[in-house]
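Below: a set of structures, written as structure tokens.
Shared chain: chain A. Partners: chain B in the first complex, chain C in the second.
Entry: the complex of A and B
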């Protein structure tokens, strides 16, 4: 074996085995993620109707069309509204659940599992249960049955825009699905807080409850909170499953609760098959997510060394 | 005991991977003779249809036709498959759309259809024609109708509505604490109505000379009446199944429902003769009763490597074998054969509400024109949603749609 080959193979052929195990996944990642991604960026500068091959160079035409499209801008508005609902709601609920479960003296594992279990449920299945059983608009839907007990009229939860009850359905299904996961993150954070801090606070006369939470627990959860917030915002941007399954039908999708991914799905993969325009929208969306994440991370000082 | 070394294990895994990759199923390669053809259908709900289309394919001796029955979002599946070489040779299509024709995804079938062109329902054949060439063969016609429950109308002293005003009035009178007057789908009619109210007002989506057909005050007027149905709380919303399923109607959740012809046998079974059918009623002096008609078409992929064999097969199945066409339309589900001569012969379509439906489809049928693109449909549907649910001004909304339609017409005509 030449010295060069030996160097390439590494000591104990570690380099060889590294590539044997990592190589196939790296090739898959490149082939199925990065190549389509770069192709999509390339395609966004071309007209491409019903084809993944560029047909006519349009420069920034697709970008200006997308940014001038009221429906796309409206979908960004939907996302902002959804984020405004879901991020604080999930944050508060999962933190509350974590605090409650953390204080339990018995059956902690049981309650931890109970709250975490919905995470294992598919968004599609949960959405269909919400749509068909809990929040359907007829008299035998669960929510309408409860309203009926109080003598109230039945409500078409997903079909009325004023008041916009569909937000209640969309937000609750996601809360049910994801709060347990973030509760686990907060629980891990809570269990990392040193008991001596609480003891010292008690010695200094801090009242248990709100005062301890505000001055000890919450500041100590700073790193976890920042990570949770980042994940929540990114997940909100990627919202698709519950929106699509709750609100779409065979003929289309209503404009009032259409997040960007649903809009791009219809543009690029729907009957439109406008892959150039869809690619431009995807690039715009990816840039917005990237910028929002970086700004948010800097704002909260993610990764900065603790003082 | 044989010890498997690392090298042998890796070699075996590599071989397995290759074997798996080579075995990818494109749907081609049945057991018959002749060239191999892959034929795709969307999943029909009616039991027996899949077996029937496989039987038709097996009866064809000049090619080895393999049927793929595709559940799920068929339109998107075919749209994606047609971008590649591994798509079908022959497929049914909800169209074909103008963009599909212009990008060469479907083959020209003019010479196959020409000898019997006049025997097809002209309303459904027209959207399959572009620049005097025929790009798909209509298989079976579907239409939508207004079903009404005779006993409920009688109890409320309401006549079957013959105008949109009468429809609004009837729906209001028929609405009680437990029963709603009318079901147009869980979105209040946004998805299913499409151009129907415009046609009922004597207008169209695209005129015959290729311009937007609803630049007229009558369009805003009729859409405002649909909004009135919503405001009156006469519409059933949020039913467990949507407009295409007659469940809400037969369960007594609504007195009237807009649904498809396919629902007729189920309704007749549940309600006997306690129901009737109507077209969407006319609006205004220039209006006319109207029903939308449409047909899945048999098409040949523009990327098929067996174009000649595929064309020969679709001619055999959808032009020559009229017995199979009749069987396909009426033995499993309930559709009108696309050929007028076959529709006239069909025993099941000669009396009662079925005969009315055939008459409506022939006399009042309209199909979405080929120039009405997906972008137009999306813009119009969004506008309809804002008009019906949010009370947006119909004139302002329609003006925005007109701008979109003009831009789309320019785009497609440029090609």
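Entry: the complex of A and C
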């Protein structure tokens, strides 16, 4: 190494170059993630109607208001219910798709593309198809036409709350949009399983099918499964697009299906513009997500390598 | 007997796969069908698989409707998606390289500070971020729509992981030739890391093109609407032309389907290599 490069690579230079490379990103992340977070915490202690420069300190008032607000608690309930439907459904469907596609001897790329293609669709476009064509009101929807073939009654899918048919619409949109993405994760996991394990299982007399899946495939997919579950729950927490686009119309948004982000959107940026209250809600939500992520990661031992 | 059972099982699986594939394609069919149908066909009392007539003129009509600023929205979406993708890839790859390759005493502190933001989903900070952007006077501007979204901890993480596994010999050779970090990075590392750039780039592009909450909150003026916001405004409005809406939606997914079909293998490779399932 020449004297010149040695000088260039000296510790002082290295520190400088580290910040040349990492600095712009770190500063931006600080400015647009950490600053809003801290600002949010600050705002949440103030009465901030229609203003971002509040003067009236209310202490924990916004927090107690939020935690005593049935609508906010209801939004958390909506999230829990949504998670209870969407997480197992997506998990089962994407794993099944991966297992079926993985064993295909022909047209594997074709089927993989078909199932992955909805990933390219936005929630807005998918909601439009679901709302105005597939599950449309009482007339001219595909679902109602199919029901008609079997002589069944037509349903106003999005406005029927008992039984909650709107739930079917909301869950299927997300299922369609995201199953292909998780299928790819499972496919990656499946490809890492050593063929020798299957050979050994066959020697031990395990019948292909359920037995092999239960004792070899599924345990080997543990790390992938944990990551998929974690991502599914975090994404469910952020559900906004499909709820907003499926359920709101010119008359407003129905109160029975507001997940947290939709609720915060209307609180902070709706007619009230109550940014203090909205910030308190955002802080509570961020804490819940952080705790849930850490607990879940600990619980499943995320990051631990398989034996 | 056993053989016959396996064969039957395999056949059943193929039938099931074909059925599921058709089910997954139905929404795309509905999009195209309604886009090309006349209004009467879409709202017909009984739904028919094929519309009675096809209106190819819908394709041009939708661009001339003054109520639905589709051309402008497409332009905005393109500008936003392209600049977000370029910006994110440049910033995150540089940071990822610095974290992976330049020895610095506090590098791990910086890394965990970046990683920690993954725990706070961007969507949850939309209220304070909105406050910040409006304080800066960036509402309804390209800056406001793009700059706050450029700092993706996820992208930085993917690049760092990739560069950690990058063969060091190439860089050592460059150093011996007297290249500093800056030139080593741009002349040697970047050209040899094209797959990860393509993978992260496509994922970011898809995310930026499809994002909705941020453009809804920040792009308030009609002149700043993205395609997604424009479409959403019309699905939730009272009087709408369904066929126009479906054409517009169909047009809006074309860029992504093209990107997707061209770069699919990079997306798949990127997802597989990103380490999120490790």
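Everything below uses one rule, namely that the second predicted complex is superposed on the first by the 279 of 307 C-alpha atoms of A that agree within 3 Å, B and C clash if a C-alpha of one lies under 4 Å from a C-alpha of the other, contacts with A are read in each partner's own complex, and residues count from 1 in each chain.
Everything that follows uses one rule, which is that contacts are C-beta pairs under 8 Å (C-beta built on N, C-alpha and C of every residue); 3 or more make two chains touch, one makes a residue touch a chain.
What you are looking at is a predicted structure, and each value in this text was computed from that prediction instead of being measured.
J.: Let me test your reading of the model: by the given contact rule, A:185 touches which partner, first (chain B), second (chain C), both or neither?
T.: The second partner, chain C, only.
J.: Of chain B and chain C, which one touches more of chain A's residues?
T.: Partner with more touched residues of chain A: C.
J.: Looking at A:249 after the superposition, I want to know if it touches chain B, chain C, both of them or none. Which is it: first, second, both, neither?
T.: Both chain B and chain C are touched by A:249.
J.: If we overlay the two complexes on their shared chain A, which of chain B and chain C does A:217 touch? Say first, second, both or neither.
T.: neither
J.: Touching A:25, do we find chain B (first), chain C (second), both, or neither?
T.: After superposing on A, A:25 lies in contact with chain C but is clear of chain B.
J.: If you stack the two complexes on chain A, which partner ends up touching A:162: first (chain B), second (chain C), both, or neither?
T.: first
J.: If you stack the two complexes on chain A, which partner ends up touching A:49: first (chain B), second (chain C), both, or neither?
T.: The first partner, chain B, only.
J.: Touch test for A:90: chain B only (first), chain C only (second), both, or neither?
T.: A:90: touches no partner chain.
J.: So, does A:62 touch the first partner chain B, the second partner chain C, both, or neither?
T.: Neither partner.
J.: After the superposition on A, what does A:273 contact: first (chain B), second (chain C), both or neither?
T.: Only chain B is touched by A:273; chain C is not.
J.: Hey, what residues of chain A end up touching chain B and chain C alike?
T.: 20, 52, 132, 139, 141, 249-250, 269
J.: Within their complex, state which residues of chain C touch chain A.
T.: Those in contact with chain A are residues 6, 9, 13-14, 16-17, 20-21, 24-28, 30-31, 34, 42-47, 91-92, 94-95, 97-99, 102-105, 107, 110, 113-114, 117, 119-132, 134-135, 147-148, 150-151, 153, 156, 175-176, 178, 180-182, 185, 206, 209-210, 212-213, 217, 228, 231-232, 235-238, 242, 245-246, 249, 252-253, 256-257, 259-261, 264, 268, 271-272, 276-278.
J.: Can you list the chain A residues touching chain B in their complex?
T.: Where chain A meets chain B, its residues are 20, 49-52, 71, 132, 135-139, 141, 155-162, 249-252, 254-256, 266, 269-274.
J.: Using the touch definition from the top, list the residues of chain B that touch chain A in their complex.
T.: 10, 75-76, 79-80, 82-83, 97, 99-100, 102-103, 105, 178, 185-188, 190-192, 194, 236-240, 242, 244, 248, 253, 374-375, 377-379, 381-382, 385-386, 389-390
J.: Please output the residues of chain A touching chain C within their complex, sorted ascending.
T.: So the residues of chain A in touch with chain C come to 1-2, 4-5, 8-9, 14-15, 17-22, 24-26, 28-29, 32-37, 39-40, 43, 52, 97, 100-101, 103-104, 111-134, 139-142, 144-145, 148, 176, 180-181, 184-185, 187-189, 191, 208-209, 223-224, 227-228, 231, 234, 237-238, 240-241, 244-245, 248-250, 261, 264-265, 268-269, 275, 278-279, 281-282, 285-286, 289-290, 293-294, 305.
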